[in-house]
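Each chain gets a letter, A, B, C and D, in the order it is written, and its residues are counted from 1.
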Amino acid sequence: MTLPRTMRALVKEQPGVGMTLRQVPVPPVGSNDVLIRVRHAGVCGTDLHIWEWDSWASGRLKPPVVIGHEFAGEIVQLGPEAEAAGLLALGDLVTAEGHIVCGDCHPCRTGLGHVCRRTRIIGVDRDGAFADYIVMPASNVMKLDGIPTEIGAVMDPVGNAVHTVLAGDVPGSTVLVLGCGPIGCFAVGVARAAGASLVIASDFNPRRLEIARRMGAHVTLDPGSEDVVARVRDLTGGDGVDLVCEMSGHPSGHNQAFAAARLGGRVNFLGTPSRTTEVDFARDVIFKGLTLYGVTGRRMYQTWQQMFRFLRAGQFDPRPVITHRFPLEQMAEAIQVIKDGQAGKVILEVAR
Amino acid sequence: MTLPRTMRALVKEQPGVGMTLRQVPVPPVGSNDVLIRVRHAGVCGTDLHIWEWDSWASGRLKPPVVIGHEFAGEIVQLGPEAEAAGLLALGDLVTAEGHIVCGDCHPCRTGLGHVCRRTRIIGVDRDGAFADYIVMPASNVMKLDGIPTEIGAVMDPVGNAVHTVLAGDVPGSTVLVLGCGPIGCFAVGVARAAGASLVIASDFNPRRLEIARRMGAHVTLDPGSEDVVARVRDLTGGDGVDLVCEMSGHPSGHNQAFAAARLGGRVNFLGTPSRTTEVDFARDVIFKGLTLYGVTGRRMYQTWQQMFRFLRAGQFDPRPVITHRFPLEQMAEAIQVIKDGQAGKVILEVAR
Amino acid sequence: MTLPRTMRALVKEQPGVGMTLRQVPVPPVGSNDVLIRVRHAGVCGTDLHIWEWDSWASGRLKPPVVIGHEFAGEIVQLGPEAEAAGLLALGDLVTAEGHIVCGDCHPCRTGLGHVCRRTRIIGVDRDGAFADYIVMPASNVMKLDGIPTEIGAVMDPVGNAVHTVLAGDVPGSTVLVLGCGPIGCFAVGVARAAGASLVIASDFNPRRLEIARRMGAHVTLDPGSEDVVARVRDLTGGDGVDLVCEMSGHPSGHNQAFAAARLGGRVNFLGTPSRTTEVDFARDVIFKGLTLYGVTGRRMYQTWQQMFRFLRAGQFDPRPVITHRFPLEQMAEAIQVIKDGQAGKVILEVAR
Amino acid sequence: MTLPRTMRALVKEQPGVGMTLRQVPVPPVGSNDVLIRVRHAGVCGTDLHIWEWDSWASGRLKPPVVIGHEFAGEIVQLGPEAEAAGLLALGDLVTAEGHIVCGDCHPCRTGLGHVCRRTRIIGVDRDGAFADYIVMPASNVMKLDGIPTEIGAVMDPVGNAVHTVLAGDVPGSTVLVLGCGPIGCFAVGVARAAGASLVIASDFNPRRLEIARRMGAHVTLDPGSEDVVARVRDLTGGDGVDLVCEMSGHPSGHNQAFAAARLGGRVNFLGTPSRTTEVDFARDVIFKGLTLYGVTGRRMYQTWQQMFRFLRAGQFDPRPVITHRFPLEQMAEAIQVIKDGQAGKVILEVAR
């Protein structure tokens, strides 16, 4: 196959709102890299921040950057070292870990590559996946082996959920998921697949609660009309839950998390708040003997191995969470359905 | 030996400042209990809160209560079931875990008795150890087997330090102790005994830093004149420390803790703050991949086993932290030296 | 209710084969004890060893002893301390942990009560449950809270399976169960409930494999006609399984376990062999980086908490394993169906 | 610096006893590789097996192979990708992990690279370090940052000891080291550095016991004249030790390990036996609730990080174990002192 010289790409061209679809050069392939023809890509809350050019985005991105970090596609070219390794081949359908890490810092050398000091994230710190082609280091690439690219395109956020839920002792446990955006809904399904005995999900949005129920939540709660902490205590014999997955990123979610966790329990934080939370460490952390854990990315690559197992065994199916599909040209519409709060996971269909 | 009917005891008789030394009945011994003649008792910051009758004390204590929860002494009477068990005997020199737990709640049944739902703490929720005699459930009592009662009397706070430090992976690690009160200084010694490669201690008080150095701190820092976080980064090749032991209980300590911990590191909180802390979860917990842990009491009874090992092997000696000794009659003086901030650990000499 | 003075009990009266059903005194109730009217009791392989008076039995038991350690029933009397504790009440339907431990030795004090140095097992070291009444320390007693006594009577061996399976990291893992006696079949169900992605069960006996399939085994293997290790490798992409639960107690099972475990995998041993196994530590343990774990009893009481969660949530149902029911008078028949190898779990119906 | 075309190398040229020192080409440097001028190299028991051409060696090696896997030296050339990564530079003094792993198999992807399915060991499966130059993948190379190359040359076996000892919970624990060859003696020092409360070392050879004492053993035992298990029980209050490090590779060592470990304890196996051991799993593993672990290589690269910390903090000094130094030309003499059993660690001085 002859590769074209240029390709379509959604580019953050300069500071300010929006992105631009334009022709850019197909990126060059380094010695340890592979070039992937993107088929499906997932739109993430992060992409919304970049579109809106909020304070996080303006502090981090250096335009022009091709956006997008969730994707799956087909290998169309391999660099010489990547080819020599013999692990990947032309035509392989793959997805990839979007955190490109140094492999040399203390975290990387001790199994904590997900918090590498020098992480570069595709679609944020270097060019990303909302494009016809993306180049990735071979070590970050994972073969789908039969998993459809549509599902492959959401394995990045599914992996966030797997990391969050399995950073706890789940079989036979009681789990509260606070916030039922796509990752929260994935977390519900992962908790069920991992043998949780009770999964409670909470969100203000009834459509999201409906998806959470489809993913297996035993109970869904609306904090707008119910006292979440009181209901959780009631459902757990007064104890509170073993594990809270905090996916809302709201200070009110944090406070619910502390209050709803049982003595000696655990709160794993994934939802990234835009402001600070007042924490009563004496009452809420110390006297309760809680463990708190901040979740970044995916364990590299334990999370991926667990995720492949769940998906291949049919224990977990992310598809009920996928509610919208758009072509690459309709990114503005994709952003709009997310902003409207009516979407689960939104997918871009880049190629067949 | 014939036991007297009454004994001296420091009693919180009613709401308000102070305590009263007066004669009270020697407590009756239940079937599973032992009666202990107190020799040495330790004065804790908690006792200061009770003396001052702050909001925590007034919300928790129901006067009259005999105060004091750190002690060691001699067994002078055993209840019939305690005697039948054959594990303790008249004349044994002992100390005791002061948290009396139910043994039946979910935490108790899963190895987390230190956060039992129904914990009753001696000297707080029931009569304590600033008295000639104290009655304790036999299961809470530990034989000293040659450890002097003066050291036995501080094993409760040493145990707090052991719990805090060993709730981390210490051999070869870098440790920052924030706050060098008695438990902070004990933590320094425990971290050294457990094989930490670098122990940094921080406090505003130069006398406390001097004790920390005597306990083995490689480096001591004064936040009044030094940038603690910058110094910690400098001492750790820019990484930050593996483990922070937060013993200060101050919001500023919390913020230093988050900033000084390395990516993927751990912060264990023991110092109990009197007010809330504003936490930037996104920057300080989530993106750093931190684990936080709230430390209550001592693991029952792993902490005690580890502590006995350290003490008996001579790996850890708490005595440099003990700076003052008073008879039971001079509790006011004991409280004063603590309030003056010039004391390490203060001991009451109750009997020979 | 007035209690009778005497009761029926299956007694090992003297060395030699068999047991005798006879009238014995109802046991006295100590201060911390409860007396339980037995409704259902489970017959275990251990009871068969005692019946047959094999070398293990003759080395351990001191006749006369009432046999039986798996049971559930109703509390009919409480000792004064047990009553004062307020946790159990007349009429409660309960089961119990049959290992009565000292609470004082190093294992007991560090969360390893299941290997207490002074364990006394009911029906082995002291009188057991094949009787109308049994006396138990209150701390060993667990309320069924709606679980039928028939299921309560098998929670001891279900707990063995829970201990074996959950002493591993199960969600998303591949599990091989070697030996499909009752505990092996329970282990299959527990592995499924805990989120294993692939559960393979192996046994020579087609009836047992049928029960294993009903408990959720994805694949069953007959070592008489199939190469178990080759099939396991084939089913796991050549890797071998993450976790082997060795329930057969045969040296051939041990060798299959080592060969079928993946590099860096885990083998948990519960089946107690009657003879030694030749182990090639270099090839099978060291170069494979395996972890091996010997399973005794149940974690006290984490295993029970996990088991109650699984049972109450309906994630695990042991009933397909129960194949036979006999009245107390037909113990000889119960022993015979076990010896014939055609039984799953055999239950004695002691009272209504 | 201009590199020579050829170099000295100790080569296993063909099946049979011995090795040959001869001129071979300096190896070519791949894109991700570095070329290292060897200064010091360690002689390992493995090299003795290869010299003697025992059954393991003849089954694994494909002559001709340059021998040697323990070394340190200076970087003299970098491949283009290794140079571009910017982590290593000409003139860096370095050592290296000798297991070259695939990075792609299940163990590699889940933090268990030390048991990679496709491991290639230098000096065994590909050319090694008993030569003037060796080529290594950059990812395997570790900067010494001030540690002398003589110590760098023994970090491979020190890492074996660190892996063995720290695969346990060491602070405050009791440790038995069975077998005081170099790695056993290193293990003694590592256990002390990591806060063990009691370290007992056992070996038939009094010279090795003398080295073990210099490395910090509290007690040394000679199985030729003492009952090791009885002495260990005596020294541990009858309990046995928390952790056994089995470094002897003898069936008799295995049996002592099982008997000397406490209930619920741990045995880590590093010594590779040349024959099988009869294991009584019921008595020695299951009823004791033991955990056994097979140690291969070093955790990649947690073990290295821990080792650097211990070495740089001065907590651990391997030098008392180094007893002999030879030039590359005297390999036969080096082999002889090892065979005579009078050596600790033997070093080859390859260059200045």
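Definition applied: a contact is a pair of C-beta atoms (placed from the backbone, for glycine too) under 8 Å apart; a residue touches a chain by one contact, two chains touch by 3 or more.
Given the structure is predicted, the values throughout are model-derived calculations rather than measurements.
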{"item": "Identified repeat of the C-D interface (over half of residue pairs identical), from B-C, A-D or A-B", "value": "A-B"}
{"item": "Contact-richer chain pair (by C-beta pairs counted) among A-B and B-D", "value": "A-B"}
{"item": "Centre-to-centre distance between chain D and chain B (centres being mean Cα positions), rounded to whole Å", "value": "42"}
{"item": "Chain A, residues touching no fewer than two other chains", "value": "106, 110, 305"}
{"item": "In the complex with chain D, residue positions of chain A that touch it", "value": "31-32, 80-81, 85, 87, 102-104, 106, 109-111, 139, 301-302, 304-305"}
{"item": "Chain B partner contacts - residues on chain A that touch it in the complex", "value": "105-107, 110, 112, 114-117, 239, 249, 254, 262-264, 269-270, 272-274, 276-282, 285-296"}
{"item": "Residues of chain C that touch chain A when the two form their complex", "value": "166, 170-174, 193-195, 197-198, 305-307, 309-310, 312-313, 315"}
